[in-house]
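Naming follows writing order (A, B, C, D, E, F, G and H), and every chain is counted from residue 1.
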Amino acid sequence: MGFPEVILAEGKTVEEIEHALKRLLRSDGLAIVSRLDPDRREELDLPDGVETEYDERARLLIARVPDYEPPYRGGRVAALAAGTSDLPYLRESTRILEALGVEVREWVDVGLAGPHRLFSTLRELREFRPHAVIAAAGMDGHLPVLVNALVDAPVIGLPTPVGYGVGGSGEAALLSMLQTCSPGLTVVNVGNGVGAAAAAIKIVRTVLREGGDD
Amino acid sequence: MGFPEVILAEGKTVEEIEHALKRLLRSDGLAIVSRLDPDRREELDLPDGVETEYDERARLLIARVPDYEPPYRGGRVAALAAGTSDLPYLRESTRILEALGVEVREWVDVGLAGPHRLFSTLRELREFRPHAVIAAAGMDGHLPVLVNALVDAPVIGLPTPVGYGVGGSGEAALLSMLQTCSPGLTVVNVGNGVGAAAAAIKIVRTVLREGGDD
Amino acid sequence: MGFPEVILAEGKTVEEIEHALKRLLRSDGLAIVSRLDPDRREELDLPDGVETEYDERARLLIARVPDYEPPYRGGRVAALAAGTSDLPYLRESTRILEALGVEVREWVDVGLAGPHRLFSTLRELREFRPHAVIAAAGMDGHLPVLVNALVDAPVIGLPTPVGYGVGGSGEAALLSMLQTCSPGLTVVNVGNGVGAAAAAIKIVRTVLREGGDD
Amino acid sequence: MGFPEVILAEGKTVEEIEHALKRLLRSDGLAIVSRLDPDRREELDLPDGVETEYDERARLLIARVPDYEPPYRGGRVAALAAGTSDLPYLRESTRILEALGVEVREWVDVGLAGPHRLFSTLRELREFRPHAVIAAAGMDGHLPVLVNALVDAPVIGLPTPVGYGVGGSGEAALLSMLQTCSPGLTVVNVGNGVGAAAAAIKIVRTVLREGGDD
Amino acid sequence: MGFPEVILAEGKTVEEIEHALKRLLRSDGLAIVSRLDPDRREELDLPDGVETEYDERARLLIARVPDYEPPYRGGRVAALAAGTSDLPYLRESTRILEALGVEVREWVDVGLAGPHRLFSTLRELREFRPHAVIAAAGMDGHLPVLVNALVDAPVIGLPTPVGYGVGGSGEAALLSMLQTCSPGLTVVNVGNGVGAAAAAIKIVRTVLREGGDD
Amino acid sequence: MGFPEVILAEGKTVEEIEHALKRLLRSDGLAIVSRLDPDRREELDLPDGVETEYDERARLLIARVPDYEPPYRGGRVAALAAGTSDLPYLRESTRILEALGVEVREWVDVGLAGPHRLFSTLRELREFRPHAVIAAAGMDGHLPVLVNALVDAPVIGLPTPVGYGVGGSGEAALLSMLQTCSPGLTVVNVGNGVGAAAAAIKIVRTVLREGGDD
Amino acid sequence: MGFPEVILAEGKTVEEIEHALKRLLRSDGLAIVSRLDPDRREELDLPDGVETEYDERARLLIARVPDYEPPYRGGRVAALAAGTSDLPYLRESTRILEALGVEVREWVDVGLAGPHRLFSTLRELREFRPHAVIAAAGMDGHLPVLVNALVDAPVIGLPTPVGYGVGGSGEAALLSMLQTCSPGLTVVNVGNGVGAAAAAIKIVRTVLREGGDD
Amino acid sequence: MGFPEVILAEGKTVEEIEHALKRLLRSDGLAIVSRLDPDRREELDLPDGVETEYDERARLLIARVPDYEPPYRGGRVAALAAGTSDLPYLRESTRILEALGVEVREWVDVGLAGPHRLFSTLRELREFRPHAVIAAAGMDGHLPVLVNALVDAPVIGLPTPVGYGVGGSGEAALLSMLQTCSPGLTVVNVGNGVGAAAAAIKIVRTVLREGGDD
C-alpha cells in the first residue's frame, strides 16, 4: 500500500536476506533490511551497481538501484527523541523516510529538564510545518504527550525500551502515551520504528494526493 | 490545538457540567460532553437558543449556538466497526467529527465471517477517498489490521472493551493491533473514541491546510 | 511516630468506628476517619463538645477536642492536582495536613494544555517556599514528573485511579512516576492520600526540628 | 494414548538422551527428540542400523528401526505458517506427523498483505480435504483466526514467540486466538509444536478409527 | 462453516435480539441466543409455531421451526465438569450440540478427591467412543489434563471462571491447561462454551464426512 | 529458629563465601552454600578436616566438622518430583534435610501418564509414614495437588521453573497449586528448595518435640 | 483425607446446600458451609436436633449431630491477624479448627506499629506451644514473615484481600510472603481460610498420630 | 534543581561519556557516571588534575576538580541495606551523597532474623538524627516498612532486584513498600539508587535552607 516491504533480518540466514534483497531491487528498485547486525551486514553480497547506506545505530540497511526515484518528495516529517538512547529506534524511522524522499528534520535531547530548549524546539518545529511528527521516548514517555499538546500536526508516539526497574522495557512509556491527557496522540508498539515510518508515510501520501505539495 | 475541549461527565456534578458547558458555548460556540448517562442528561439545564444533540449509545451530548460554524468542512473520515457492540465507542468519534464539519461515512459488521461483505466495503471505502480511517474492534482486534493492510489512508485502531474471558476487556484487541503484521497502523487506548476523533482531526487539518480540499 | 493513627472506615461497623474515635479523642485530642461514606457519617454519634469537619469529596472526617493544639504550625506544604477528578485523593492529604497545623496551598487543573497556567503556578509555588509538595495525577501521571523537574522542594507523587482503558486505574500514572526522567520524585500507592500526608509530615517535622520555622 | 513419548533434550545430558532413545527404539521402533541443538546432535551415539532424520530449524531428531511401520497412514493434516520465522515451531509439528505416517501439506507466508495468495491457498487447502489444520502465527496471530473462519476442518492455533515490543513473545498472538471472533478455533501454548502435533493425531486417529480412510 | 451463527444477547436490545432470531429462523430454521438473562427471555416475543428451549443455568435459548432437521446426527461428544459450578459454561456447549443433533453424554463432579469415581467415569467414557470430549474446569484446571492423558479422543479444555484469590477468574485453569504435561490438549478461552461446541462440531463434521457414522 | 543459616552464593565473592563458611562451621559445625556453580566450588579453600559434599545438579555444598551431630534424627520426609527436570530444585531440599539427620525417601517421574506408577508410589509413600511431603513440579503443577488429595501428611508444593510458552517459568505451576481443589496444600515460591526444606524441618521439629520419634 | 468436605455456598441454590448438609450430617455427623450470606442462612431448613453455629463475619455455618465427636482433640493451633479487617478470613480457619476439636488461641492487631505488643504476643504464643500457626495479613503481608522468623512452629501465611491501590487485593501480601526472607513460611491463596485450616489439620494429625498429645 | 546531572553509561560510547564528563567538570566541577562497567572505566581518558573515585560494586565513577566545593555540607542521611546483595544499589545512592558533602552513615544486614541487631541499629540511627533515611531491600521488602514505622525521619524505600521465583526482580519488594502498613514511606523504582539520592538531597536542601544546619 505504497510503503515498501521491509526485510526483517532477525531469524533469516544471509542467503535468505540476499535473495529477498535482490527480489525487491528488481521489482521496486529499493530494498530495506531492518535489525541487521554489523557483522552480518559484512557478509552480505550485493549486486554490482547497487548503492547502499548502512546505519549501525539503527541496524538498518538501505539498498537502491542508481536510477531509483523516491516516491514521496515534498513530504515533511519531524522526528524528536527525548534522549540519545532513543536514537536507535527513531533512526529506524527517519532513515526509511529519507530513502522514500521525505524531508526529515530531527531534534534530540528534548527533555523536561531544560524548558528553554523545549520551547525553542517547538518554535522551530512549527516553522518546519511537518505533515506528521514522530516522537520517541522511553522511561516516563512524556515527550510525545507534551508535543501532542502543543503542536497541531498529527503526532505518532514511539515508545522505546529505555528505562530501569519495573516498566522499564518500554511498558511505562507505552502506557503513559495510551493514557495521554492531550487527545489525539496515537502510538505504535515499543521500538517499532518501521511502523512509525509507515504511519507517517500514510499521512504524507494522503496530504500529497490531496494536492498539498505547496 | 484545533480540537475542542471535551467535558468528561464522569466524576463531575450536574452544576460543574453546566458551568463548563456555558463557558465553552461562550468561548467556542460548541460544547461536547462525553460519558454522560441519559438520566443525568435530563437534569442538565441549558441556555435558551442552544441546539443540542444527544447520542444515547455513545453517551455523548453536543451543544452549539445557532450560528456555530464547524471548522473542518471538506474533511472526510471513514469509520468502521467490527460489530454492533463496538458502536458505543465508534460513535463517540463520529458524532464529534460530524459536529466539527467532517463528512463521515460508517460501515458496521465488517467481520471475517463474510469476506464478500468485507471486500465490497473496502471498494466503497476506497471510492470515498477518506483522509483518515477509524476502525473499531474488540475481541481479536483483527479488523483494523486487515483494513490497514488493504487501504492506503492512515488507519487509527480503536480497541473496544468487547470480548470474554482472558484479555476480553480490550487488552487482546489492543495487543493485537500493537503487534500488527501490516505496518503503519497506529492505536489509541481501549474505548478512547474522543482520542481517535482528535487524531483524525489532526490529519484532516493538515490535509486541508496543505491545500487538500479538492 | 508523630503522625496520628487514622481510622479506616471500610470494613468497620459504626460501633467500632465510634469506639476508636473516642479512644483517640481521649488520648490525642484528635481523631481522623478515612473512607467514610456520607450516610455512615450521619449515623455516627460523637461526644458532646467535640468539633468536627467532614469533607464529602474526600470522605474524610476530622474530630477534635476544643483545646486541641495542632503540632506542626509553621509547616508549609504545596498541593497540586492535574484535574478536578484528582481532588478526592488530594483532599485526603490536605485536610489531614491542615488539621495538624500545616499551612497548605492548593493548585488545581495544572495540566499540559495550558503552559501559561503551568508556569504561573510554578512561580507562585516557588514564592510559597513549601517544605514539601504533593502532586496528584491520574492518566499519564505527568504533572508530578514535571513539577519535580522544575521545583527544588521534595515532591511526593500521588497517582490517582483516574483514566480509561488499559492502565486507567492508576497503574499508568504510577509507572510513569516510577520511571520519571527527573530524578528525586518519590511516590506512594495509587489513591493513598493518607500516605502522602504522612510523608509530608515526616519532612515538615524534620525541617521544624532542625530549626526551620523562619 | 497413541502418541509417542517425546524426549525433551533441554535439561538432559547426552547420556540420558541416548538412554531414553534406545529404550524407545526397543519398545516402539521410533524415538523423537525435541529441542536438540545441532552440536549436541553430533555427540549422540546411536545403535547401528537405526535410520535418523534431523531438522536443524526445528531442532528435532527422529530415529527409527528399519522395519518401523507408521501407525497413521491415511491421515491428512494441513500446516500453515504466517511467515518463515514461524517455521521452527510449525516444523516441530509436521516432522512428527510425517514420521507417524500422516500426509502433511505445508503453506508458508500466507499473510494478509497478499489477499490473492491467501485465497489461492484456501482453495488448495479445501481440495486437500485435511482431517485437521495446524496454523502457526506470531505477532497479531491473525492467520489461524482467518483460516478457522473460512475452512470447516478443525483448526489448531499454534502461537509463536515471533514479534516485537509489548506482547511480542507470543502473548499477543495467543490472546488474539483465544479471543477469536470465529468460533471453533482451539489453541496450544506458545511454541508448543509437539502439542499441536499430538492434538492433530487425536483427531486423525478418531477419523481413521471411525472408518474414514477413504 | 457449518456451525450456526450464535446471537450474543449482551449489549443488544430486545428488539435487536428478536430481529436476529427471526432472520435466523427464516434462513436456517434454528436460532441460538447466548448469555440471555431470564427476565429478558420473558420479554422476547417469538413467532407462532416456533419451538423453544431455555436453559436458565446456561442462560441459553434455542428456537427452531417444527420441521428443523439437525445436521449432525450420528455425532457423539462426551462432556465432563470438574464440579457443579462449572455447569453453566459446559451446558452452553452441550445444549448447542444437542440442538444440532449430536449425541451428548455428561459426567459431573469428576474430581481428584474420589479416584474410584474418576476411573469408573473413564471406563464409561471409553465405552461411549466419543468423537470429541469437552472437559470443563476452574480452579487448578486439572480435569482436562488428566482426561487428555487417559483418553485417546480429542479433548477440548474449557476453563471456567470458578476459583478464589489470585488466578481465580479462570487464569490459573487456563494456564494450567496450556502448560499441560499430557500433549494434545487444546483449549478455548475462559467460559467460552460456544467456542468449545464449535470446535467439537468441526471434529464431528470431519468424522462424519469421512464416513464415520458407524 | 532451628534451621541453619544458608549462604546464598549468588552475588558473593569467593572470599565472602569462605568467610561465612568458616564462621558457620565454628558456631554450628555445619555450613550450607546454595546456588554455587561448579567452577566456583573449585576455587573455595576450606579448613583442614572439614567434610564436604557437593551436589552439582542442585549446586549445593554442605560442609561439616567431623563430630557434627545432626539435630533431626528420627524425622522422615518424602520427596517427589514430577520429572527429572524438577530434580535440581527438589535436591536442594533433600540434601539439606539429609544433612540435618532427616530420613528422606525420593520418588521421581511420578507423572499422570502412568497411573499404575502413581498408585504404587502412593502406596510406598503411605508405608513410609512421612512427617511431611515435598512435591516438586513445573508445567501444570498437578503432582502436588494430586498427592495432597490422596495422602494425609502435610504436603509442601514446590513449583519449578520448568515449562514452555506463557506461564512456563513456574507461574502456571504456582497458580495451579494456589488454586488447588484439594484443600490443605501449601506452597513456597518457584524454585525455593531451601524454603521447602525449612518448612519441612518446622513440621519435623514439632512432631519430634511432641514425642513423636517412635 | 481426614479433613471434612466443606460446602461452598457460592453458586449453589438453597436446596442444593440443604441436600449436601443432610448428606454430610448422615455420613460424618458434621457439616460445614462456607461463604454463606446471612440472608441465605435464614432460608436454610435443617433437620431437628442438629446443633448449629453461624459466624456472620466469616460467613461460615457449622452443623453437627448432638453426639458428634471431634477428631482432633489435643491439637493446638495459634491464629494471628495483622488487623481486624483480616478477621473474616482468619475466622473461616479458626471456626473450622474448633469444630474439629482443636484448641485455638487468637491474637488480633499484631502490627508493626507497636513492637511491645508484638513481643508480648510472641511470648504468649511460645508458651502456648502450638503445633501450627496461621498468620493472616493483607497490605504488605509482613506479619507472617515476622512471626515465621521468630517462632519455630510451622507457620502458614494467609494473605487477605485487604489493601489499596496497586496490589491491594492481596497480591502484594501474597508476593511478599512468597519472597519471605525468613525460610520456612508456606502460603495458601488469598482469602483461602478453608485451605489454611486444612493445612493446619494435616500437621496436627501427624503430630497426634506420632504420639504427640502430651 | 540542585542535583547534579548524572551520566548514564549504558548505551553510550566511551567518547560520548568522556565528552559529557568534560562538559560537566567545566561547568560544575563535578561529574558522575552511573552503570559504568570496570573495563569501560579503564578505557576512559580524563583530563589531568581531575580527582576520581570509582566504586566497582556500585559501578559508579565520581570525578571532580581539585577545588570542588560540595554544596550540602551539614546534611545527614542514614543508609540501610537489608543484606549485602542490596549494596550495589544502596552504594549508588551513598557515593553520590558523599560527593555532594552529605554526611552518610550506613548499616548493612539489618534483617528480621536478628531482632537485637535491628533494635541496636534503630537506637544508633535515632542518635544520628538523619534528615532522611534511605532503606534498600529486595525479596519481601520489609526493612523500609519496619524502619518507617519506628523512625520519624522521612524514609525513602529503595527496592532492589534481589530475590527468586515469582516477583523476585524487585516487584514483590516494590509492591510491599507501596502497600506499607506504616504510613509515610515513599519509594523510588527498583534499583534506582540515583533517584533515592536525589530525593534525599531535596529534603536535605530544604532543611539546610530553612536554617537547620545545627
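By definition in this document, a contact is a pair of C-beta atoms (placed from the backbone, for glycine too) under 8 Å apart; a residue touches a chain by one contact, two chains touch by 3 or more.
These numbers were taken from a predicted model, which means no experiment stands behind them.
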Chain C and chain B - chains in contact with each: A
Each chain counted as touching chain B and chain D at once: A, E
Chain located farthest away, centre of chain H as origin (C-alpha): E
Approximate Å spacing (C-alpha centroids) for the pair chain D, chain E: 27
Centre-of-Cα separation between chain H and chain B, whole angstrom: 48
Separation of chain F from chain H, taking each centre as the mean of its C-alpha atoms, in whole Å: 37
For chain E, residues that touch 2 or more chains besides their own: 113, 149-150, 164-168, 171, 174, 178-180, 182, 189
Pairs of chains in contact (touch as defined earlier), listed by label: A-B, A-C, A-D, A-H, B-C, B-D, B-E, C-G, C-H, D-E, D-F, E-F, E-G, F-G, F-H, G-H
Interface residues, chain B side, partner chain E - complex: 84-85, 113, 162, 164-168
Chain E residues within the chain B interface of the complex: 5, 8, 10-12, 16, 159, 161, 170-171, 174, 189-192
Of chain F, residues touching chain G in the complex: 1-3, 6, 131-132, 148-156, 174, 178-180, 182-189, 194-195, 197-199, 201-203, 205-207, 209-214
Chain B - residues contacting chain D, complex: 82-83, 111-113, 115, 138-142, 145-146, 149-150, 163-168, 171-173, 175-182
